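Shared chain: chain A. Partners: chain B in the first complex, chain C in the second.
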Partner chain A sequence: MARIVVDPITRIEGHLRIEAVIEGGKITDAFSSGTMVRGFEKILKGRDPRDAWAFTERACGVCTTVHALASVRCVEDALKISVPKNAELIRNLMFCTQYVQDHVVHFYHLHALDWVDIVSTLKADPAETSKLAQSLSNWPKSSPGYFSDLQKRLKTYVGSGQLGIFANGYWGHPAYKLPPEVNLLAVAHYLEALEWQKEIVKIHAIFGGKNPHPNYLVGGVPCPINTDEVNALNTERLNHVGSLISGAMNFVEQVYIPDLMAIAGFYKDWAAIGSGLKNYMAYGDLPTRGYNYPEYFKFQRGAILNRNLNEVFDVNGRDSEEIKEYISHSWYKYADGDTKGLHPWQGETEFNFTGPKPPFEQLNVEGKYSWLKTPRWKDHPMEVGPLARLLVAFAKGNTEVKDVVTEALQKLNVPVDALFSTLGRTAARGLETRLVVRWMKEFYDQLIASIKGGDVNTFTREKWDPSTWPATAEGVGMTEAPRGALAHWIRIKDRLIDNYQLVVPSTWNASPRDAKGQRSAYEESLIGTPVANIEQPVEILRTIHSFDPCLACAVHIYDPEGKHVHQVQFN
Partner chain B sequence: MNSNGNNHKSDTLILGIGNILMGDEGVGVRVVEEIQKARLPVNVTCLDGGTGSFLLLDPMQSAEKVILIDATVDGAPAGTLRRLQPRFSSDYPRTLTAHDIGLKDLLDTFYLLGNQPEVVLYAVSIPPLHEMGLDLTPQVASRIPEIARQILAEVNE
Partner chain C sequence: MTGRSPSIWQSMRAKGYSRRDFIQFCTVAAVTAGLESSALGKVVEAFETKSRPPVVWLHFQECTCCSESFIRSSHPIVADILLDYLSLDYTETLQAAAGHQAEKCLQDTIKNYPGKYILLVEGSVPMKDDGIYCMIGGRSSEDILREAAKDAAAVIAWGSCASNGCIQSAKPNPTNATPIHKIIGKPVINVPGCPPIADVMTGVVTHLLVFGMAPQLDSQGRPKEFYGRRVHDTCYRRPYYDAGLFVETWDDEAARKGYCLYKMGCRGPVTYNACSVTKWNGGVSYPIQSGHGCIGCSENGFWDNGPFYQHLASFPGFGIESTADTIGTVAGIATAAGVTLHAITTNIRKRKLIKDEVAESVETGKKAEGGDK
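Let's look at the complex of A and B:
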């Protein structure tokens, strides 16, 4: 038996450590530990609730806007504010922009190198790559000369000995199955995606005034509409948004999805690996008739237990018996003891580090072993993320989702069960991106129609003045970050923040066991995963990256002394 | 980036990086705030890069020269300032890594894309952090005017 430690997991935002026990070439147990501590709930206490978004937005460099959205929503929920229709549409466009950019960046820049061998591209025949590219789509950059130029640049780059961005891969590992020509295509698109993502995020600057960290506003959006005014959301800027959306649709349909399908075709064995929990949860988002009507969200809300797609349970963020955070294995303490779970409105953030001082060989997994708390829905561990969103929508009979899922399954010639896997998670992310760009166009057309109809309202002043607020109020702002269900809970007392708790997607997925010993999603998904070479556990990275980990908002601050892979043999 | 969705085309971008929720780690952003109080030459732009990672590719590529200001946990006395010219990510000193994604990688990407700006890094040593908070330690806070002055001297040359 061997125990492998991967710390930190690279190509993610934030810090994550995985310890896995391997017997007979397969993982038999796994432990996931967030190794940075979070505490920005403490920063928010005593502040004006209307300012909270600006702080939470800084929690992370990847999903900044969704934290701002969850924040303004929890305040609006507490104060019973409904935002105007235009504000909802603009928020939806910001949300979709974040998804498309984030999913593309995840696929090409954070996850692709688990499947694509960068060094093998040097052996590719550029003419064959060109043929392949032209057979997959009409994307214009597909000539033999284009790929041979790129290959020359890669040769220079590798020859310089400064692999940098590609340094942390296990190149040449037998688990890499793509022919060199496909690898070259993927690396070409890796670079094109970097250039492309610069464009799409301009939508955040157009609506949010600046980027990074665009502006949000309790009661609407800080974005006055005046089609003739230079400094407002004018015709020129709206046209720019329209053309960026068209560009995004082209990129997703002609580059991302064809690449995803082509690569998935070589890795169908991963449709039977990494299945993990059988429970899935989505808060849903993209309201079409207001935040209080989740039945009209584009991404639906609900929970699935034991993979039963015939039944979807309601999820209520306000019910103190549904969502609770446990700390039996987390470095915190609760005033009333560490065994009871707390609903986030009652949440406490008191640190209690009992772990070993670095450097250390392994964590004491019998006790507390992570800076992440362990959230549970009705005491069930739940997986959140693109797969959970697709499954909830699929189970609710959403025809748009059913169509893209069915088409992809047919193309790959795999059954529905293939979704419950590492490959399924990675595919779900791409498939929902297809939908999101289409919805983006819908929201955009609706916004233009609304403005043409004379409605330029983007903000409601009602309840802006704190003197109109009740003495105490509590609210929950639920959304879907690209990597899964995200919510902020606020309690307001005497017009100031009395308590503020975030339960972020990577807490659901990456948390340690609960008191009953139930594993959370990462830990469960690693069970049964084959590991060919314990010195190079690329298989662990594949499954963990399939969740798109982002630990920055889950935990913060880390002792930077860490090895990339550290392996301990025992027995 | 402004709300036209365009970056001001400028010769020099002064880019402060870091997370202001993590005290000293946000020193780069704090230095930019200080520099913005001064009159800048017309060809110089300031940007609070926050934890922007991949989002910073466009503003960086649009500049001929990028002056980065970032915190480093390198064991030197708090507030120590070093001026470096990192060419590859491996030349980059150790930082707290909450905003690592992208930033170091961007240096390599410039090289690979073949249109790299000149990058100058002002690295400010900070002590290891243990708690979140907006406040800087006195040793780091007291250095901000001097760091800003040096950068202004460089862009006014």
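Let's look at the complex of A and C:
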């Protein structure tokens, strides 16, 4: 038996640590711990609710915008503000932009190196890579010379002896199964995606002034529309957005999806690994008739229990009996004791670190072991994210979703059950990206039609002035971050924030177990995962990365007494 | 294999610089980076012999927006930076290695290149309660920072978190989030902003690499090249301010004509940054151009400088603008007359400002380092 410590897992709002127990080549238990906290809830207290979007947006710079959106929605919900149609469309366009950029970056820059062996590219035949590329899509950068030049560049890079970000990878591990030619193709697209991702976010700059962290506004969007003015959202700006959407559709359909399907074809065994929880939840998003009408959202709202796709339950963020946060294993304390759960409107954020103090080698997993609270829906642990969104939509009979999912399953020749896996999560992310770029075009066309029809409103003015507000108000702002269900709960008193709670996707997925011992998604998904070589646990990275939390982990290996088995030295 | 790209010395020689010029560059680099003159030899060696200088990027209390911004760089593009400009030996965001292999990358760079690697830090360090609020690999962030900073040739603080504490240091600063220059006891190049502009980030790094020396810094450690001008003074909407044409509420006629956002709370008048010149995302826009005021995200303590939508006059002690503005202020909120008066006064004051800045530029040419004002 060995205990592997994976720390840190980055690219979420904080630092994440995984401890896993391995017996007989498989993981038998796992513990997930958030090891960084900033105290947002404490900082927000007493501030102007209209400023909260800017504060909470800084919860995450990777899925930037999603917290700003949840925040303006919870304030609007509390103050009963409906935003104009144009504002809804512009917010949807910003939402879609975030998805496309984030999912592409996740696939190529955060996840791909778990599947793609960069060193193997040096052995590839560029002419064969070119043939392969041309058989997969019409993407123009596919000549033998293009891949040959790239290979020369990589040889020069490796020959310099300075491997930079590629140093000390698990290169050569038997779990890497792609032929050198496919690896070369993937690395070419790694570099192209790195360049492309900076283009699509220009949509955020156009509507929100900058990316990361574009500007939002309670009551609408800050960018005015005026087709008779150079100083506003005019024809040139709209054309720019239109071009970027076309470019995104091309990249997704000609690069991302073909690569995803090609790589998945070599790793079908991962359709049976990392299945995890059997419960899935999505709040839904992309409203088409306003935030209060989730039945018209593009991404639907609902919960699935025990993988029963014949029944989808309603999810209500206001019901104090549905969503609750527990702290049995979290470094917090509640005024009325640590055993009962609190609905976020009643939420408390009082630190209570019980150790171990750094430097330490292992957490005390019997007691409190994380800065994340443990959220539950009707006391069930729920997985959130792209897979949950697709499953909820699939179960609700959404034909667009059914079509892309069925097509992908047929192409890979795998059953529906293959979705409940590490591979399924990674595939779901790509499949929903296909839908999101199509929807982007729809929203864009609707925005143009709206302006053409004479509507240029982007802001609802009535409740902007705090003197119009009631003495107390409470609201909930629900959205779908790329990583899953996200909501903010606010209580406003005397025009200031009285309580503010964020329950984020990483909390649903990465939280410690609850008082009943029920594991959350990360912990559960690792159970049964094979680890061929505990010195190179690439399998853990594959499953954890399939949730899109991070890229790099620092793995420490201990025996059950907590001593180092050995220091692993590679390369 | 002819793989090695030219060292900085080789590049400079190809461009006609003498070895004397090169040593001079390195001297300024060493002084600006706060090294003892005895360490000069190491800096020369670092830039001369390594084809790509080793770089370590640490992450503490942050949201990774700085890393995300960095990869948005349009000139140079980030693929070229990673493959040709530098050797990013440790970065939790992009590196392939995991586990001990990743830690080994960090330890190898610290051990093998003492005084020769560049340290980039994203995030603040929580100093309360022995560092329990940010632990990586079972160690406190303070511990890791001190170790990595000790032998770094130059230290760059990315973003407002590392430069001034940013959001987690906003009141009541629950974890005592602290900027790195207050911890490591050596000079730091502060590159504030939430996040900083991508092309500013790569601009600062390439300034080090291409010119072989740190950029000139102001009294807050910010490169003058990017933080020497107020957003307000370089804003394309400035003429509306001077003319007294202001947006009065969101999406009004004035907003649709792109008038000045000063009365909507814009912090441009008190914010030093390159936004209105360099702009964001390849020069596409910046907050004001897209209709929202500047929130002052590169300024120390900007989260606590009052509600974002309350205009500046309401806050005392805001430097040169508040004095003029206060003249027309009634109960904390300036009247239209007050703002107009403010604009007129500002124009008069601006003459002196321009005169001062011209004088300052001349002075700057003579000095290796100078305070801003």
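The rule we apply is simple: the second predicted complex is superposed on the first by the 542 of 571 C-alpha atoms of A that agree within 3 Å, B and C clash if a C-alpha of one lies under 4 Å from a C-alpha of the other, contacts with A are read in each partner's own complex, and residues count from 1 in each chain.
Rule of thumb we're sticking to: a contact is a pair of C-beta atoms (placed from the backbone, for glycine too) under 8 Å apart; a residue touches a chain by one contact, two chains touch by 3 or more.
Predicted model only: the values in this text are computed from it and were never measured.
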- Combined model on chain A where chain B meets chain C, clash or fit: clash
- Examine A:Asp48 and indicate which partner it touches, taking first as chain B and second as chain C; both and neither are also allowed. second
- Query: Is A:Ser143 contacted by the first partner chain B, the second partner chain C, both or neither?
  - Reply: neither
- When the two structures are overlaid on chain A, which partner does A:Asn316 contact: first (chain B), second (chain C), both, or neither? neither
- Item | Dominant contact partner of chain A by residue count, chain C or chain B | C
- Who does A:Asn250 touch here: chain B (first), chain C (second), both, or neither? neither
- Task: For A:His109, select first, second, both or neither according to whether it touches chain B, chain C, the two together, or no partner.
- Result: both
- Task: Could you look at A:Phe360 and tell me whether it touches chain B, chain C, both or neither (first, second, both, neither)?
- Result: second
- Query: Which holds for A:Thr288: it touches chain B only (first), chain C only (second), both, or neither?
  - Reply: neither
- Counting only touches as set out at the top, which of chain B and chain C does A:Asp7 meet: first, second, both, neither? second
- So which bits of chain A does chain B touch that chain C touches too? 8, 11, 13, 15, 36-40, 42-43, 55, 58-62, 64, 105, 109, 153, 157, 162, 164-165, 167, 191, 194-195, 197-198, 201-202, 205-213, 231, 240, 552, 556-557
- Within the complex, chain B is touched by chain A residues 8, 11-15, 36-40, 42-43, 55, 58-62, 64, 101, 105, 109-110, 153-154, 157, 162, 164-165, 167, 191, 194-195, 197-198, 201-203, 205-213, 231, 236-237, 240, 244, 552, 556-560
- Message: List the residues on chain C that touch chain A in their complex, please.
- Response: 1-5, 50-52, 54, 59-69, 71-74, 77-79, 82-83, 86-89, 91-105, 129-140, 143, 166-168, 170-175, 177, 194-195, 197-198, 237, 249-251, 255-258, 275, 280-282, 284-292, 295, 297, 303, 307-309
- Query: Any idea which chain B residues touch chain A in the complex?
  - Reply: 1-6, 19-22, 48-58, 61, 73, 87-90, 94, 96-102, 104-105, 107-109, 111-114, 128-134
- Contacting residues of chain A [partner chain C, same complex]: 5-8, 10-11, 13, 15, 17, 35-40, 42-43, 47-48, 50-51, 54-55, 58-62, 64, 105, 109, 113, 118, 153, 155-160, 162-170, 191, 194-195, 197-199, 201-202, 204-215, 217, 219-220, 222-226, 229-232, 240, 351, 353, 357-361, 371, 456-459, 461, 464, 537-538, 541, 550-557, 567-571
